[in-house]
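Think of it as A, B, C and D in the order they're written, each chain with its own count starting at 1.
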Amino acid sequence: MEKLFFLIFAVIAIVSAIGVVSLRNPVHSAISLMVCFLQVAALFILLRSPFLAAVQVFIYVGAVVVLFLFAVMVLDLGKERFGGYLHHQRPIALVVVIGFVFVMGFTILHGSLDAPLGNYTEEALVKNTEIMGKLLFTKYVFPFEVVSFLLLIALIGAIVLAMKEKR
Amino acid sequence: MEGFPILSAIILAPLFGCIAILFVKEASISKIRAIAVISTSVSLILSLYLLFAYDKAKAGYQFVEKVEWVRSLGISYHVGVDGISVAMVVLTSFVIFTGVFVSWVGIKHRIKEHYIFLLLLVSGVFGVFTSLDMIFFYLFYELAVIPMYPLIGIWGSANREYATMKLTLYLSFGAVFALIGILSIYFTAGQMTGSYTFDMTQIGKISFASSYQIWVFLPLLFGFGVLVPLAPFHSWSPIGHAAAPSAVSMLHAGVLMKLGAYGIIRIAMGLLPEGAQFWMPVVAVLCLINIFYGGMVAMHRKDMKFMIGYSSSSHMGYVLLGLSTLNYIGVNGAVLLMFAHGIMTALAFALIGFVYDQAHTRMTYDFSGLAHKMPFIAVAFAIMGFASSGLPGLANFVSELMIFIGAFKTYPFQAVIAVFGIIITATYMLRALRNVFFCEPMPEWEHLKDATTFVQRFPYIVLILVLLIVGFYPAILIDVINAGVMPLVDKINNVSMAAKAGL
Amino acid sequence: MIPLSHYLLLSLALFSIGVAGVLLRRSIIIVLMSLELIFNSINLSLVAFAHFLQSMTGRVFVVFTITVAAAEVAVGLAILVAVYRRRKTVYVEELNEMKH
Amino acid sequence: MTTWLILFIPLISAVLITFVTRRQKDLSSYISIGAVVFCFILSIDPILNLLKHPHMEPIQQSFSWINIPGLHVEMGTLLDPLSILMLFVVTFVGSLIHIYSRGYMHGDPGFSRFFACLSLFIFSMFGIVLSNNFIQIFIFWELVGLSSYLLIGYYFEKPSASDASKKAFLVNRIGDFGFILGIFVLFQATGTFNFIEINHILEKGGIPDSTLYLAALLIFCGAVGKSAQFPLHVWLPDAMEGPTPVSALIHAATMVAAGVYLLARTALLYHLSPDAMEVVAYIGGFTALLAAVIAVAQNDIKRVVAYSTLSSLGYMVMAMGVGGMTAGMFYLTTHAFFKALLFLAAGSVIHAFHTQNIWEMGSAFKKVKTTGATFILGSLAMAGVFPFSGFWSKDEILTATFTSHHYFLFAIGILVAFISAFFMTRLVFVTFFGNERYHGHPHESPPVMTVPLIILAVFAVLSGFAGLPWFEPNFGTYIAGPSHGGHGEHGFNFFVAGLSTVVVLAGIALGYIIYCRELTKDPLEGNVLYKLAHNKFYFDEFYDNFIVAKIYNGIATICNFAEVNIIIHLFVNGFAYLTRESGKILRLTTTGKLQHYTLIMVAGVVALFLLFGAL
């Protein structure tokens, strides 16, 4: 059962990902990206991380994709302006990417994982969200603060950058 | 004064001055100058107090302050002075004190920034001369070098971009080698004792293997030698002097070059006595290049700042020769020469700057008979020239004499060449004096004005007085310096005696 | 139970597709989207590892990555807008002011 | 205490004039004159004391100047017969010249500066005379060089004066180079700088002869420089660019004699090193001859006197070299009187005629009687005519040469005596007699100048009797004290005295024949030897055009070439060039295209995996 779901999600994710990079219309790409994000969120649930799945949906689907769409719309870019690949480096790029897939795939298939197991077993993960909340505000409070500060800066930065220059 | 952190006060006074100037408006020049004068005179007064309060009988490091900084790495803010440092601190405070007055006259634009950088630099120099922790030594050293870049780049004269780039690159280059040596000592000492520390007083107690000492002495010697400057890595210095504004030349030649020699004394010789034993004969040969070759180039140069610049590298050759003797007389002489040369060369650059600011040329052949228009400057220049060529009654003579006597014991041949060097010095100094200040006055220099106001004359008078006082009564400094030199030389020589006894 | 390698292979696939997008597409907006894909693949592998190691660290980090990704997209798009206003182009190869 | 007072009063005077009374010229001169006269009065007491106790023990007072382990330098004073004699000469001649200068320099814009420098000189000279150790004597040795520099270059607006002062200082520096090395050699051997301690150690012996020889030769270098012996004699004639009182005081009576004084101070060292003494003697003899020949062909009144000084200095050094310490010091004393007299009188003549060329004077005696008379007395003393002081002192030197079996040097000495008599006669006749060749209206100098002349003339005539060999105690009794190796008296030798009188008279006669008639130029002109001598045997040209211009400046040029081209251009800028060029090549990789960078990055990751990965 789980395997089936995994397979479905995985195939859709890959197909939509290919769509993101290959579709000519950026609006289509963005929508394809959204599909991909949803699949990943679903996979998170398979991995017993419902909180993350929710976050994934809220932020990626709800914010990021919308931002992309916004950008495309605001700039009002014609379809033809967005199309096109880089032709001069396509062969090398493909070789490199395939090489990368080969190398990494080989590593994954032949690798083995021997690290001490933690104590968050499936049973413990029932209270998944609660645990995560606790961790974020205790052990990881410093990175949490840093990241939130970063977000604030990004917010301000984005506003400043996108502001129309005063004449 | 018991318990008062004198050394920190000396280091921080210019830094506070620098911060205070930050809050003053650019336009209120008199306030900026007042702050600069006050902060440097605080350092001057305290360092003079240091000179007289230093207990010569007790010797060793005194006025020590220690605050832990990074415990896990063994870094602490540890300052203290021995006789050698006292002399250097006094030198620095005199040079900056007079430098502030020279800038008062010479710097016409961006006065605020100039003083900020100047004071920052000096703070670093004080720090180097008092640090007993190698990391702080290095940090203060960089603090002293970096302001040099804007100071020459912004307020310099001809060719300043090239000069400031070259200077900064050379100094950083040397510093990196020194840092390698410092880190090596840190790790080796840590491995040997089990407790990692950058504290020189503690590392000084460790005796490293002699082959190790010989290897690590080299990067230290090279790194600090570039600063001295040891030939053939000297070419940053004359052009740096030439391009820099007066006060910066004063600091550069008067103090900055001494940082290198001080580093050699304090870290290389102080921590690696056997390395010193091994390498000093080599230094004694190399320094001849400085003395003879530097002097000869100085003789050929017609640009007065270049002339003094090369003569500085020639004189620093004497310092190295004195250090390389590894006996009381020579090393004492070397430290005293560092002091005397610092004062004398500061005077030289101040004077040349004074002439240059009005005439916009420094070529000896452009001038004639300036003594008619500026008698005060002529007299001061003559005194500087005579000091430089080792005339008795001025501080340089005593120190050179001691270096010669010391060197004559260990390296008679080098001593002969070195003594010949003072003839070369006298030649170019007297030639410059004749060409620039004597002979018929020229109509094109009718507009030049002598130093007449108090502010204009004050720095020269102070520097000349220092030269005269030390020249007439050298014991005032030598007794203090000797208190620092004796333990150092004893350590180096005891080590070699022990090594011989062991064989 | 799906083995870890499946997740990792999926992650690899997404990553490679993202890289291909970055390398091949001319439009900066698609490049940014491909970057998001790469982020996602990383998140996926992080969570997968966390799951199989029974740890929370990976999961917590995903929260941070998502945040950073959001910030990145916001700034990136803002830059895109600013650049477009000035240069009237979104083609990566035409934005080569930093050359030499 | 008195000695310290003597030493420092002139310094105080110099400082006072420089900083306080610079604008009040009269006051400045009074301070300077007062200082030196006061010193003279103070030095009377030690002189009387010496006369009472001929074999006095040296009195030392000193304080420590530098004191570190291995090096102990003192500053001190030493009173022994030698220094008391020099003290007397310096204060006495100095006082007269100071007084004379007030007249001579009258109205000069740098009047105060002149007196300040004179005071500085007197201070430095006292320092040499009174010092009890080598370092101190070296210090003041350099300081007299400084004051000499300042006074030669007094008219600094004249390029010739500036050059002359520079030359004097540098040539002296070359001598001092040897001197200081000699001091080091001696310090190395004995471990002390103190004269008396060194003498004790030398008396004990045990120091290798080669060391002593080296030390003696090197120390002699100092004397060669200061006393202008060949080959460093070239500075002294040029030093005549200074005001005439300076020439009289520094370049005739006192400073140049310091070299001889130094040899006397270190007499024991030379006594122990006979080889070095030979060198000293021959250098002295050669200088005496060379300078005498040159003096014949000079037309500048001061230069003639200057070369006669050179010749006399050579004489004294020769005396030292043959072991005639007493003779040398005696000559030094009488020479100080008559040479100062000659210079001051020459100055008075110059003052009157406003020229230094003797061929533009002539028949001057009618106009400047006092000056002329004193000048003639001085010339007779210089020529060594019986019974003037020069006769007795010169005779002692010749006797010393003769009795120590240096017959060749004796011959030179006789020859020099002949030439000296000849050129002094020439000078007197051309300047004071013959036909009138001057313009304007020369007049006698004021009493402030003539009175010192008269006093000096009295001493020039009579001081020789202090050394009469038939009476005890005479000059030698005091000077050849026990501490100086006991170079004995040489007595009076009738052969020597007779011979010298004969040649001197012959020289005067020859001069009379050639020059006592109506002349407009030198009748000897055109003679090859005259030409050579007139051009000072081209020593200056050789030094200036070859040694300085070619070798010294040549080395500097080569060094500068190496500096600019090899170090700066090749190494430093070459390194920068390499960096820059390699940067130029490497920057081609930065296309500015984002995706190129990304591609390279990914390829790099793959490559790293292939290289180090767990494949």
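The criterion applied here is as follows: contacts are C-beta pairs under 8 Å (C-beta built on N, C-alpha and C of every residue); 3 or more make two chains touch, one makes a residue touch a chain.
If you're wondering where the values come from, they're calculated on a predicted model, not measured in any experiment.
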A-D against B-D, pair bridged by the larger set of C-beta contacts: B-D
Taking each chain's centre as the mean of its CA atoms, chain A sits from chain D at a distance in Å of 96
Whole-Å distance, C-alpha centre of chain B to that of chain D, is 37
Suppose each chain is reduced to the average of its Cα coordinates; what separation in Å results between chain A and chain C? 6
Between chain A and chain B, what is the separation of their C-alpha centroids in Å? 60
Multi-chain contact residues (two or more partners), chain B: none
In chain A, which residues are in touch with two or more of the other chains? 86, 89, 93, 96-97, 100, 104
Going by residue number, chain C touches two or more other chains at 19, 23-24, 93
If you go through all the chains, which pairs of them touch? A-C, A-D, B-D, C-D
Residue ranges of chain D touching chain C (in the complex, touch as defined): 587, 590-595, 598-599, 602
Interface with chain A, chain C side, in the complex: residues 1-2, 4-10, 12-21, 23-27, 29-30, 32-34, 36-37, 40, 43-44, 47-57, 59-60, 62-64, 66-75, 77-82, 84-85, 90, 93
Contact set on chain A toward chain D in their complex: 86, 89, 92-93, 96-97, 99-100, 103-104, 106-107, 110-111
Residue set of chain B touching chain D in the complex reads 166, 232, 235, 293, 296-297, 299-301, 310, 327-329, 332, 369, 371-372, 386, 389, 391-393, 397-398, 401-402, 404-405, 408-409, 415-416, 419-420, 422-423, 426-427, 430-431, 433-434, 437-441, 473-475, 478-479, 482, 485-486
So in the complex, which bits of chain D are touching chain A? 595-596, 599, 602-603, 605-606, 609-610, 613-615
